[in-house]
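In the part that follows, the structures are each spelled out as structure tokens.
In the two complexes that follow, chain A is the common piece, with chain B as its partner first and chain C second.
For the complex of A and B:
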């Protein structure tokens, strides 16, 4: 069984927002909303300042609270790669999944249903990378099977220092950031 | 310096979460109130007090059905995909408190109707003959009436606890993430229901009994609030930050003045003096208790959405 995940090299990310535009174009994300975004984290005092730019999205958690809290069974884990998805036709727009996500990765689509990153599963099923990964001009994003020890993402995680976002929230996020 | 910026500005999510508004606060308040009314009414049925013409157990179920329907309508207003409301009843998701709640609400209505028909209200249309038949059957054996009382108490407890568990299951919102919230909302529901009966009943003995009971519930509520805050303050930094929102932050004035002060402590003092015959019973105290219960839901719903694992900057 594959377990899809992402590795993002924050040393390479320049915050150009190509991934954001690609996602909006590929998935027809409504105006004013985004499924992925750029976060800039600055720490320290001049001259010892550290800044990290990173692209963020749904972490497709291994223990997704957005799925367990859904009263309609709309939020679900896809058979392929453990990707967290929403059946639009089952969603009642109760927003429980939005409240349950520690990453605030979901929003309500103007049509009424909960919307989020799908890891471009329609592309992945055809053997392609998610749109955000495929357009990244600095090649800072890697997508692949975390269960396969020979995949690029697994090798990167084994060889480079990395961390997930807010792992203490207990959701087992599947996107890892190389410092 | 620690500065965080993001390009995300999703509606209802940024800069701070505000997905739940007055609808959910009102629903949780009315749900808790009806839960308390079911327990009070169920208890009176269990004690065989339905024979007294002025017993509140004869009109509380009707009032409960009306209030719960208003609450459910508020819940419906909160849904963003309203035409899909029926989707909740096409499945039962065992891990979802909201799914539990949706089904508990479906069970609550028949229980309230069973309670209501023990003494058939005059306004029931005579065309509903089956209700009259059921009423006769229920009254043919006192144990049936007791059973209706027990069913109402059990479902009342489930409904009251669920209104709190609904929020406490959201680990992503540290203020809500306390299992004691279920107990807090149940006791608050019992307290507001007792206050309501104390306020509207024509039975003097019942009024005094419920004023005394309300004093007990208010004291229990104070203890539970204390434990709720202690639990948060002795947890992780994000939980401490969450507690600060109601203790000294944006929602502190509403919490201390309207929930603790005017909603619990002052009415407790007034009602304690009244039951000791030091002062006359006044409608002011129960009205304050009911308003305090409503503000408690508003404060918890709104402050909980401010609490977050990473967005500390917005809390200050």
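For the complex of A and C:
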């Protein structure tokens, strides 16, 4: 079985937010919300500054606390690629998942259910990349099957130093950053 | 869908989902998802894909608009297009927000009270155009056709430009020259004999070393450039950034030079001295193609890195190291020409210094440097000849005031404005503007308003009610780019191609495309014979057929590419330099002959008085000029600008990130409130904001009074004596807490 994940090259990312806009139009994300976003970390004092810019979203964790804490069975791991999804019609909007997520990746859609990145599973099923990956002008995002040793994402992880965000939360995130 | 909530909709459609097995590159294990995947977002049935090109900025990226069940869904890059390479920037992706903007101009308007009071009567197109034609005829009779001026931004303005030439005026102007890239184009022309053009003829992709001087690629989303920048950086290319602010690009740089604003020429001269002294330049190239190198060499001897340190604040060793880094990668060392280059009034000379540094690297005409753009031969439509104006351009009589803003270039906007105020050398009585909000594009808003008071006619053609529209006599609502044909784009680029803009949706109200407006107005002016075609498709078909190309193919694909052409010297380009000497002019006799510096010299600029900061401004990746701040998709990304303030200064002043302050400039002008970003990422002697915010047009409900307007603060400007450009980084502000 496939295990979908992403590798993001922060050397290339300029934080332009195209991924955010594209996710909004692709998925009709309601006004005032977004399923992905840009984070900027900088340290040092002027002019000796180190800076990392990266695009973030749901990490589609292998041990997703949002799934284990969900009282309604709405949050679940999809049978394709381990993608974490929400059954909108089962979701009561109790926000337990929002509290459980170490990445602050979820929000309550105005229609009442927990909403977040789906890895654009509807596109992936069509053989396409997620919208954010396919629009990125810097081509800093790679999406693919982490279980396939020949996939681009696996090759990147094997050849370059990488790290996931908040690994100490123990949720086994599936998005990796290289720089 | 309006009356049906999304949640309900999902329940209804859920019953039929999960049945279809999709063929896909991910293999047979892929099955359709269950009900929680909204069917609305699937590809396939009901989705129309229409190729066109973008208008969120001037880059003209090839796009594919997706229309689902008659509704505009999304816009992606056209993979066939060499500019977008299949990927748009966030503004292009946010194009649907321009289409859906509820505040768009909807019908033609005629002013009914005093100018600027924004009291309007909605009129028909026939009434609006008759009104304009009547005024234009009166201006022609009383003052001559030269007394009408046209201000334009973008390819959409081509047909009104044609109409204005047919009417008989030479005064066709664009802020893109004197408020933006003019100095750069003249500086390069004085050196290599040719402009840098737009899109800039830079092979960033193959550069091994890229030098950015104030250019903030990544925040400035000139699409192809940003893509190539990420590519060369990802491939391990060396980046050198010179900027008073630690930009996004600075974060990617091997060397960051935190320059004191206004001292770039000092740095450039010192760099060149190091490179010449240490024999690091491309000697064969300079010997073969250079003119006046020995005089140039003698002239720059005085500019040691130690001297430059006192002006720029950059350590001499960093100047030397970064110069050597450039030389290491020559000729694939590309010193970016910049684009918005109207900073201090000596900008043509700074651009010339940049051109000369490129010449030392031998990058002009070489891979990883400046290429020779390729284009397709597409004949123009055979119009009758234009009447020859009796009077020359109003901005620069006899080309005597600004000797290098010559006929081949756009008229100087500020020259037209000045003539409108003074009536000299002759009066300007009418303006038509297209796609440019002059109150935000030009420095000193008071002068623009003063000029407007002298007009008998101000016509504003735009898609949204800009501040300038508020002062108009007649406002003409144009269709947004997704609803119209424009002139075809016969691009000058790495590879030749022609591109089509075509309608994706119908205009929702009375909006009309510019070609229709121009043709109808020409009819009213008795100039109908200049528009012999019935509609624009007939015009485009004519040009395509004359070029031996298929219009049907263009409609279907959006882009037709021509055969690959040589673009570098080693591919067969003849190294020709159309300068007076026929060579790259290290020493410029034409500058010397007119009493200007034949080799650029550093001149000190006025520094901020105690307690003041120099105001510098730049671009946001999600906005274009002052055009997009009412586009909700984009304002969700950024709905106001921030004031970048050095964190130590902020502490001293007792402000912190998130606080709102007002700015007061040296002339006592006070801004709207702006949110502070207290940061390590900027020098202590300047503050920075992105351009285009702080709108005061109440009709732009999304943008109204969000952030502060740099344009409002720019009351002072220094005019470039070579070409009339307005240096605008010469304003100083204090903070009002």
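The criterion applied here is as follows: the second predicted complex is superposed on the first by the 179 of 179 C-alpha atoms of A that agree within 3 Å, B and C clash if a C-alpha of one lies under 4 Å from a C-alpha of the other, contacts with A are read in each partner's own complex, and residues count from 1 in each chain.
In this text, a residue touches a chain if its C-beta (ideal position, glycine included) is under 8 Å from a C-beta of that chain, and two chains touch if they have at least 3 such contacts.
Small disclaimer: the values here were computed from a predicted structure and weren't measured.
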Practice task
Following the overlay on chain A, give me a clash-or-fit verdict for chain B and chain C.
Solution key: fit
Problem - Partner chain in contact with A:169 - chain B first, chain C second, else both or neither - result: first
Practice task
Kindly classify A:34 by the partners it touches after superposition: chain B alone (first), chain C alone (second), both, or neither?
Solution key: both
Exercise for the section: Go through the superposed model and pick first if A:139 touches only chain B, second if only chain C, both, or neither. Expected result: second
Practice task
Scan A:44 for contacts with chain B and chain C and give back first, second, both or neither.
Solution key: both
Practice task
Put down the vertex angle at chain A formed with chain B and chain C, C-alpha centres only, nearest 10°.
Solution key: 130
Practice task
Determine, under the contact definition given at the top, whether A:20 touches first (chain B), second (chain C), both, or neither.
Solution key: both
Handout entry: First, second, both or neither for A:113, with chain B first and chain C second
Key = both
Handout entry: Closest Cα approach, chain C to chain B, once both complexes are overlaid on chain A (Å)
Key = 7
Handout entry: Contact residues common to both interfaces of chain A (with chain B and with chain C)
Key = 17, 20, 32, 34, 42, 44-45, 49, 89, 111-113
Completion exercise
Residue positions on chain A within touch of chain B in the complex are 17, 20, 32-34, 37-45, 49, 56, 65, 68-74, 89-96, 98-102, 104, 106-108, 111-113, 166, 168-171
Fill in the blank from the handout: Residue set of chain C touching chain A in the complex reads 5-7, 10-11, 14, 22-26, 29-38, 40-43, 73-77, 87-90, 93-94, 96, 217-219, 221, 223, 226-227, 229-231, 233-234, 246, 248-252, 256, 258, 621-622, 632-634, 636-638, 646, 680-683
Handout entry: Touch list for chain A against partner chain C, complex
Key = 1-2, 9, 11-18, 20-22, 24-28, 31-32, 34, 42, 44-47, 49-53, 78-80, 85-89, 109, 111-113, 118, 121-128, 134-140, 145
Completion exercise
In their shared complex, chain A is touched by residues of chain B numbered 1-14, 17, 19-20, 78-85, 87-88, 90-91, 93, 95-99, 101-102, 169-173, 236, 305, 308-310
